[in-house]
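Quick heads-up: structures coming right below.
Both complexes shown next keep chain A, but they swap its partner, so chain B is in the first and chain C is in the second.
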Partner chain A sequence: MLVRAGFRRHSTYRLALLAGMTTNSVFGFIRASILLAALTSANAAIGGYDKPTTIAFVWWGQALLGTVNLWGFSEVKDRVRSGDIAVDFLRPINPQLAYLAGDLGRAAINLLGRGLPALLLGALLFDMAWPPSAASWVVGAVSVALAVVVAFSGNFVINLLAFWLVEIRGITLLWMITGGLLCGLYLPVPWFPDWLRTIAQWSPFPSMLQNPIDILAGRVVGADIASAVAVQLFWATLLIVLGQVVLRAGRRRLEVQGG
Partner chain B sequence: MADARVPLSQRLRPYRVLLASRARAQMQYRASFVTDILGTVGVGLAEFAEVWVIFHNVELLGGLDFKAALLVFALSNLAFSLADMFVGHLDQLPVYIRAGQVDAFYVRPLPLLAQLMTSELSMRRIGRLSVAVVALVVALTTGAVAWSPATVVLIVLTVVSGTAIFAALFTAAGGLQFFLVDGSEFTNSFTYGGQYAAQQSQQVFPGPLRIFWTFVVPTAFVAYVPAVAILDLPGDSLAPPWLAWCTPLAALLAWGIAGLCWRLGTRHYQGAGG
Partner chain C sequence: MSIIETRDLVRDFKKTRAVDRMTFSVEPGESVGYIGANGAGKSTTIKMLTGILKPTSGHVRTCDLDPMRERIGVARRVGVVFGQRSQLWWDLPLRDSFAILAAIHSLGEKEARSRTDVLVEQLEMGPQLATPVRSLSLGQRMRAEIAAALLHSPDLLILDEPTIGLDVLSKQRLREFLVAERRERGTTLLLTTHDMGDIERLCDRVLVVDHGRLAFDGSLTGLAATVGAQRVLVIDLAQPTPDLDDIPRTRLLGSESDGLRQRLAFDSEATTAAAVLAQVSARHEVRDLTIEEPDIEDVVRRIYAASGRA
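Coming up: the complex of A and B.
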């Protein structure tokens, strides 16, 4: 129910979806040009990515950009601030699950309306590698869903910090900037120098984008697919549990005036 | 014609007062202001990291080595953050339109565009600006710059024209917003997309895309074309060194189109309803 509501809410703005797709495609073109030029210059694959898989990296990244909520949301923060969160606590469903359901619906419409058209455009215009096997397709889809969950749960925890802090803009910014760099949107994580790659691998950010892309682009195959998904499962569970703990603590702290 | 006798400084006074008040207002909440500045420093550093990570893997990208690429990065980021600081909030026009604030601007006795431009001065963009300035200083001192008076003139000309080009893109986007409203993200493809394209060696792009970024949305003139001349590189058919001196021309053309878009947009605008 809530998933469908989220889907319908975001599908109302068709022009916005088309606009998002156009912008994603322009960025896809630019990024594909840069990365291909780098591969030509290196005259070899970099970090396991050759030309067709790099093209797949770029366009899956652009397709999933609108699907996975990388840049975060402020709805929950605003409700904590205004006190409306109290209404959410009164509902018979756990607020975290309710918002997660809405976000999954948002993700679905963005994948269908904004992501897949951009992906098809990329596949038409470039020599792109498709997922190498049926297993890659299926596990890739699961991995995308997990990425949506990880990104949502992380952002949810950040939003809840509004229970304790007056202004969480600084933390949101920091989360967005580190996340944007480490999740593998601009460049594949395997291209990073060792120290930066280590930092990325110990953070939840690659689970939000790099892991599903690795599977769908076919850079990760066989038994490694399982470990990529296992890492995502770990972060999804951890962040959901953390969200619940923070939500409870916040609930105890919450005082809403009313009459 | 009493207006004509009022000196220019008097006529510009309202704008100066407006801008100063906007700047002061932003610095009232010190902690919030510092956070915002650190945030834009972070954005600048992340943009730089993208360039740096690529050069961690390769020696040359699009015919440029790291120092040359740093110059292109610095010039484009400097121009973009200056333009963003002065007119970047035109991006928020759909919000103003929906809230009916544009109507409020219309009843005041100053031109709409001038009012909108001075309605905000995003001081926080200083963060990203400073990253660009540091990058420019490093690039100019360590790179193989063919110093001469002409080079100095060219650098200044580039920064001014580059800022004008990005400001023109924001203004054109603003004009189109009157038609788009919900589809406001369309214009991101040539404002933010243009910035992303501008900070690359143009040689990475396939031919049609290069022509697009040179002659349609002229962001190649912001950094790459001047950098070829500043570093005395051979260039190629689409970026010969003499083309660098055409940068102000590109800015003028961009402003011609921006003016047109803005006029079309404001003529189309019917008000937010009463």
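Coming up: the complex of A and C.
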């Protein structure tokens, strides 16, 4: 029910979806052109990416950009600051799960209304690699869902810092910039220099985008699929547990004054 | 078993003590008005009763549960409306908010539907069900909030300033609904308000809180007697009249327009409005009258003064 509510809340804003889709598509063109040019000048596959895989990387990235909440959200932070978070504690449900359910709904409408149309457009205009097997499709879908969970849970923890800090905009910005780079949105993680790749691999960010894309673009196959999903599962669990701990500590600290 | 029980309940904020050794209990079916000046500690108490705030020290039990440890259990048995905050989904139609809340409280489909139907009918919200919450008027939204808080048929309903900002008619409808709801289901009610009318219509017991401390606990008439709060009869006379300063058991507060309008204060214990009116109309022709009830701020001020604070 909460998932459906999230879906419906965000489907109310159809114009925003359309605008999002248009932006995603335009940037898809630009990125596809740049990366193709790079591949052409290298005259070979880079880091396991040939041209069709690279195209798939770009367009799946554009499609999942709105689905996975990479840029974060501020609803929880705003509610902590206004004190409205109190209302969440009046419900016989864990607030983290309630918000997660809402985010899954948001992700679903964004995937259907914004991501898949952009992907379709990319597929029509470029020669794109598809998941090599039915298993890749299925595991890919699971991986996308996990990516949504990881991104949500990470951001939820960041939002909760508002219990202690008056202003978390700096931290949010840092999260966005680091995340945007390390999740493999601009460039595939395997193209990174070694040191940066190592950092990325020890962070939760690739689990938010790179892993599902790799599975869906068919770059990662066989046993590697299992380990890609296992890493995502690890981060999802860790961040959810961390969120619970921080939420509990925050509740003890809560000072809702007035009203 | 008491529905609410606090003993020596304390909550400190950084520099101030918001709630100071508060001890009281509320029995099932009671209807209690919780009043006090702004910042006296009313909302803080409510937040501790519902597990939102952790007490600094002392003992609190709601529906025989520890609100901090058993928050979810408390949430299942208590309905809360904060007049200033919304529990509805802003951008969805009202109907969806009820459906989501029914799911959150794991009501069965049949139960959810019948309870929603009853509340929607009693609160006359049928026409608004398809309206997004953000487009509701304040009165409509407040009725919706109360329906939302009652959806899971709680044992205890806590209302924090439910009539704030409502017009007279909306207030009236809300009070009538609450009276009926309590009569039918025996719901215990705890209500904070600045409106004496809310207390008079809804509450058989009043708690007055002052600087976090309980300053009075008793019936409304007892409260009026304690503070000697007086009612005021405002009389419009047909002709300019000399000051009516000799009506027994009244005190003339003032006279306007050459005595065309005069204000007489009297004590409910000592006489009645009807008796005062009879005495006045025996001598002069009365054109119109109104009665001013003691106002809640005034009552609270007097309690504070009596307890040695200004």
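Methods note: the second predicted complex is superposed on the first by the 257 of 259 C-alpha atoms of A that agree within 3 Å, B and C clash if a C-alpha of one lies under 4 Å from a C-alpha of the other, contacts with A are read in each partner's own complex, and residues count from 1 in each chain.
The criterion applied here is as follows: a residue touches a chain if its C-beta (ideal position, glycine included) is under 8 Å from a C-beta of that chain, and two chains touch if they have at least 3 such contacts.
In this text, all values refer to a predicted model and were calculated from it rather than measured experimentally.
Asker: May I ask you to decide whether A:Trp59 touches chain B, chain C, both, or neither, giving the answer as first, second, both or neither?
Answerer: neither
Asker: After lining up the shared chain so the two structures overlap, which partner does A:Phe163 touch, if you call chain B first and chain C second: first, second, both or neither?
Answerer: Neither chain B nor chain C is touched by A:Phe163.
Asker: Is A:Ala98 touching anything from chain B or chain C once the two structures are fitted on A? First, second, both or neither.
Answerer: The second partner, chain C, only.
Asker: In the superposed arrangement, which partner chain does A:Ser33 touch: chain B (first), chain C (second), both, or neither?
Answerer: first
Asker: Now for A:Val87: first (chain B), second (chain C), both, or neither, which partner does it touch?
Answerer: So A:Val87 only meets chain C here.
Asker: In the superposed model, which partner reaches more residues of chain A, chain B or chain C?
Answerer: The larger set of chain A residues in touch belongs to B.
Asker: In the superposed arrangement, does A:Trp235 touch chain B (first), chain C (second), both or neither?
Answerer: In the superposition, A:Trp235 contacts neither chain B nor chain C.
Asker: Sort out for me which residues of chain C touch chain A in the complex.
Answerer: Those in contact with chain A are residues 13, 39, 43-44, 47, 50-54, 71-73, 75-76, 78, 80, 82-87, 89, 91-92, 96, 99-101, 103-106, 132, 160.
Asker: Give the list of chain A residues in touch with chain B in this complex.
Answerer: 13, 15-16, 18-20, 22-23, 25-27, 29-31, 33-34, 36-38, 41-42, 46-47, 167, 169-170, 173-174, 177, 180-181, 186-187, 191-193, 196
Asker: Can you list the chain A residues touching chain C in their complex?
Answerer: 1-2, 5, 8-9, 12, 83-84, 86-87, 89-93, 98, 251-252, 254-259
Asker: Contact residues on chain B for chain A in the complex?
Answerer: So the residues of chain B touching chain A come out as 31-32, 35-36, 38-39, 42-43, 45-46, 49-50, 53-54, 56-62, 180, 182-186, 188-190, 192-193, 196-197, 200-201, 203-206, 209.
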